[in-house]
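Both complexes shown next keep chain A, but they swap its partner, so chain B is in the first and chain C is in the second.
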Partner chain A sequence: MMLLQLLAVERLKIRRKAIWPLIAAGGFGVVLLQAANYALRYDYLMKLNADNPWGHMLSEMHFLAVPSLIMGLAIIASMIAGVEHATNSWKQTLALPLSRLSVYAAKFVLLMGLMFAACTMLAVGTVVLGLCLSLGTDIPYTELLRVSYLPLLAALPIGAVQLWLSVSLANQAIPLTVGVLGTVVSMFGMTLGDFVPYKWPMLDNQWNEPLIPAALGLTVGLLIYVAGSVHFVRKDVK
Partner chain B sequence: MWAVLRSEWIKWRKSPILWLIFVSPALCSLIGLLESDDMSGGNQWDELLHTMGIMHALLLMPLLAGVFSASVCRLEHAGGGWKQLLALPVSRGAVYIGKFVSVMLLLLATQAVFLGALLLVGTIKGYTDPIQWPGLLFSLIGSWLACMPLASLQMGVSVAWASFAAPLAINAIFTLPNIIIANSERFAPYYPWDQPVLVMLSQQLDDGPDAFHLSMTTLCSVISVSFVLFFVVGQMYFRRKPI
Partner chain C sequence: MKTNNEWVIETSGLTKAIGRKALVQDLNLRVGRGEIYGFLGPNGAGKTTTIRMLLGLIRPTRGSVKLFGQELKSNRIEVLRRVGSLVEYPSYYGHLTGRENLEAVRRILGVPVGRIDEVLSIVRLTKDAGRPVKGYSLGMKQRLGIATALLGNPELLILDEPTNGLDPSGILEMRELIKSMPQQHGITIVVSSHLLSEIEQMATQVGIIAQGRLIAQESIESLRGRSKGRLSLRVGAVPQATKVLSAIGVRAESAAAAETPRAGAAYDEGANRILVDSVDDEIAAYYVRTLVESGIEVYRVEEVRQSLEDLFLKLTDGEESL
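This part shows the complex of A and B:
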C-alpha cells in the first residue's frame, strides 16, 4: 500500500520533466529507425529474408533496441534521482515518515515500470510496422514477446547499477558516462564472454537458450538492487 | 575573454570531468588490442586507426561532446550560478564563447590522449610500418573540427535546459541512429552526429559505404555553415534568455 502511495508521489515528481515523451521516443524511435531502414532498401531486405521476413525483422529490432535500452536505463535513472539532487531535497524527502528502503524501492519500481512501458511500445510498434510492410499476418508472438521483454530482464543489473550510481552521486556526469560506455560496450556484445552483464540483453550465449541470460539478469539485478538499497539506508544525505 | 576561460578552468580543475577525456581512448585501445590484425596489406597504422577510430568517432565522440557541454553548465544550473556569473562584469556573449571553447578544449585533449593510446597500442603490437603523420593528424584534427557543429548544438541545449540528463537524452537519441545513417551518402554529410566519423575515416577506407568518399569541399562547407548557424542561434538565445 505504502509503495503505491510512494509511486504516486514519484509520478508527481516526474511530471513535466518530459520523461514520458522520452520513453515514447525510445520505444517508437527504434521502430521508426527500423522503418527508415526498410524504406531505404525494402526490396533488398525482402529478397534477403524471403523465407522468414518476421524473424529477420525481429532480430534486427532486437539489435537496435539493446543500445537504446541501456542508454534509456541510464538516462531515466538519472532523471528520477536528479529530482532530489537538482533541488537539494534528499533531506526533505527522507524527513518524511517513510522508510528509506521504500523510497529506494519506489524509484527502482518506477524506473523498471517506465522501461516496461517503452518495451510495450516497441512490441506494439513492431507489429504495426510489420503489418504495414506486409510481412504477412503470421506473426510469431512468442518470438515477439521474447525480443521485447527478455532484454529488459537481462538488463536488470545494468538498471540497478545505474540507479545506485545516480542516487549516490550528486554529479550525474559519472552515472551517465557509465551508461554511455555500457551502450557502446553492448554493441560489441557478441564478442564478449557470456559472463559479462552487458552481453546479457543480446540474449546470445553458448547454450543458445535466451532464458539463461534473462534468469541471470533477474538474479544478479535483484542482488545489486539489495546492495544499493542497503547502501542508501546507511548513507549520509546532504 | 582570457579571464572567462581561466575562471572556467578553476571551476572544473578538480571535478571528475577531466577524467572523462581518458574514457574513450581507454575503451578504444582495448578494442584495438583485442582485434586481430587482418593481413590485407594496408599500412598497419591506418588499419589500427580504422579499428579504434570507428568506435571513437562514430559513437563516443558525439556522446562525450554532449557530456562535456552538460558538464560545463552543471555548476551554473545547480546553485543559481548563472545569476552569480552574469552579475560579474562580463558580457553574456563572452560567457557563452568561454563555455564553448572549454568544451572544444576538452575534446581536443581527448584527441591528444587518443593519439597517445593509438601509438601505445601500435607499439605494443610491434608495428613496423612507417607512421603516415600527415594522414593521421588530418584524421584527428579534422574529426575534432567536425565536432564543432555538434558541440555548439549541444551547448545551446545544455544552456537552455537545467536538467543534466535531458540534453544527454537528446544527444543519445540522435547519436544511436548514426550507425544506420552513416551508410547513406545522401543524408550522412548533413547529419551533425555523423560528421566526425566521416572526416576521421575519409582517408582510411578504400572500400566502404559511399558516404565516406564524399568530396572534402562538400563536407567542409556543410560543417562550417552548420557550425556558424548553430553557434549564432545558440548565442543569440543565451543573450536574450531570462535567467
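This part shows the complex of A and C:
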C-alpha cells in the first residue's frame, strides 16, 4: 500500500524529465540498429542464417541489447536519484513520515520497472522487425522471452550498484562514469570469467545454461540492494 | 496520557560529533506548546545540525530527542506526521509546477486534495501554482516551502532560516506569516536565524547557540532586558559623575568596566565615559541637567545599542567565568 503510493509519487517526480522517450530510445533503438543491420546486408544474412533465421536474429539482438541495458540502468538510476540531489530534496523527502527503506525500495522498483518496460519494447519491436523481414511466422517465443528478460535479471547487481552510487553521491559524474566503464567491459563480456557480474547479462557460461547467470544476478542483485538500503537508512542527510 | 504543559520539543544531552569535533554539544532544548521559539546563533554555530537531528535526518552521536513527549528514535514516522519543516534552502522539484510539488508530498501525507488549495492561499501562491517552480523567485520558492510544511496540518513547524535570501518585503511577509500561525492555527514554531533583530520581532522564547553549545534559553522579554540599549555619557570626571547620579538613584558604571561600545568609536573608547540604562528624553535631560548643575561637564550623550555579537561575547564570557 505504502509502496504503491510512493511509486506513484516517484513517477510524479520524474514527470517531464524525458525518461519515457529515453526508455523508448533504448528499447526501440536496438531494434532500429538491427533493422539497419538487416537492411544493409539482408541477402547475406538470410543466406547465412537460413537454417534458423529467428534464432540468429534474436541472438544478435541480445548481443546489441546488453550494452544499452547497462548504460540504461546507469542513466535511469542517475535520473531517479538526481531529482532529489538537484535541489537537495532529500532533506524534505526524508523528513516526511515514511520509512527510508520504502523510499529506497520505491526508487529501486521504479528503476527496474522502467527497464522492464524498455525490455518489453525491445521484445515487441523484435517481433515486428522479424515479421517485416519475413523471417516467418514460426516465432520462437521461449527464446524471445529469454533474450528479452533474462539479461535484466542477470544485470540486477549492476542496477543495484548504480542506484546505490547515484543515491549516495551528489556528484552524478561518478555513477555515470562507472556505468560507461561497465558498458565497455560488458562488450568484452564473452572473454570474462563466468563469475564476473558484467558477463552475466550475456547469459553465456561454461554450462551453457542461461538460467545460471540470471539466478546469480537475482541473488547477488538482491544482496547488493539490501546492503544499499541499509546504508541509506543509516546515512546522515545533508 | 498527555498533560497540557508537556514540552513539544525536549532534547537531553543532544550531541553530534564528526570525528573528535563536536558540532553540537549537550543541547537541552525545551520548547513549550504554542511558543514561537527563536533559535539564534551565528552561522556555523550548529543550528542546522540541531534542526536536522530534530527531524531525524541525521543521527545524534549522543543524547536524545523527544517530540510531543515521544522518543523520536523509536517513533520517527508517527512523530514526523505531526511536524512540518523547512530546512535551509527550500527543496523543490524545479521541473514540476507548484501544485505538482505539493501533490508529491500530499500523497505521502494522505491529506485531502483540497488542502493544497488551502496552503496555496495561505502563502498566496494560488495564482502561480500552475507554473514550473524553477521559474519562481526565491521568495516564492521559500513560500512554497512553507506551504509544503503546512500541508499536513502540523502541530509543530520547524523553520530553518526561513528569511534567508529574501528581500525586505519578503522578510516582512514571512515574519507576519510566522507570527500569525500560533494564533490562527495553534501551531508551535521553531524558527532559526542568525539575526537577533529578526528573532526579536517574532519569537516568544529564545535559545542562543554558539559553538555548538546552548548558552541561553529564556523568554524574549528577559533577553530584551539583556540586550537593550544604554546611554553613554562622556563627562569631565567619572567618579564624581557616578556619585552624583547614584545620589538621584541612577546606577551608572564606567564604560571601561562595561563592554566597549561599537558605535561612535571615533574618539578614545571608554575614556571618561559612563553608561546608564536607556531612558526617555525627559529623563535623559534630567540626568544631564543634574550633572551640569553639579559642575560636571557633559561632552557627549549617545545611545549605545548592544549588538548580538556583544551579547554573545558577554554570554560566552559569562559561561567561562562560571
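In the analysis below, the second predicted complex is superposed on the first by the 238 of 238 C-alpha atoms of A that agree within 3 Å, B and C clash if a C-alpha of one lies under 4 Å from a C-alpha of the other, contacts with A are read in each partner's own complex, and residues count from 1 in each chain.
Heads up, the rule we're going with is that contacts are C-beta pairs under 8 Å (C-beta built on N, C-alpha and C of every residue); 3 or more make two chains touch, one makes a residue touch a chain.
The model shown is predicted, which means the values in this text are computed figures rather than measured ones.
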item: Fit or clash - chain C, chain B, common chain A; value: fit
item: Contacts of A:Arg15 with chain B and chain C, given as first, second, both or neither; value: second
item: Contacts of A:Ala39 with chain B and chain C, given as first, second, both or neither; value: neither
item: Chain A as apex of chain B and chain C, Cα-centre angle in degrees (nearest 10); value: 80
item: Which superposed partner A:Leu98 touches (first chain B, second chain C, both, neither); value: second
item: Touched partner set for A:Ala86, first chain B, second chain C, both or neither; value: both
item: Partner chain in contact with A:Ala50 - chain B first, chain C second, else both or neither; value: neither
item: Closest approach of chain C to chain B (Cα atoms, Å); value: 10
item: Contact residues common to both interfaces of chain A (with chain B and with chain C); value: 17, 86
item: Chain C residues touching chain A - in the complex, by the definition given at the top; value: 52, 55-59, 76-78, 80-81, 83, 85, 87-96, 100, 103-105, 107-110, 148, 152
item: Contact footprint of chain A on chain B as seen in their complex; value: 15-17, 20, 23, 27, 31, 34, 55, 59-60, 63-64, 67, 70-71, 74, 77-78, 162-166, 168-169, 172-173, 176-177, 180, 184
item: Footprint of chain C on chain A - complex, ascending; value: 5-6, 8-9, 12-13, 15-17, 83, 86-99, 234, 236-237
item: Parts of chain A lying in touch with chain B, wherever the complex brings them together; value: 17-18, 22, 25-26, 29, 33, 36-37, 40, 64, 67-68, 71, 75, 78-79, 82, 86, 171-174, 176-177, 180-181, 183-185, 187-188, 191
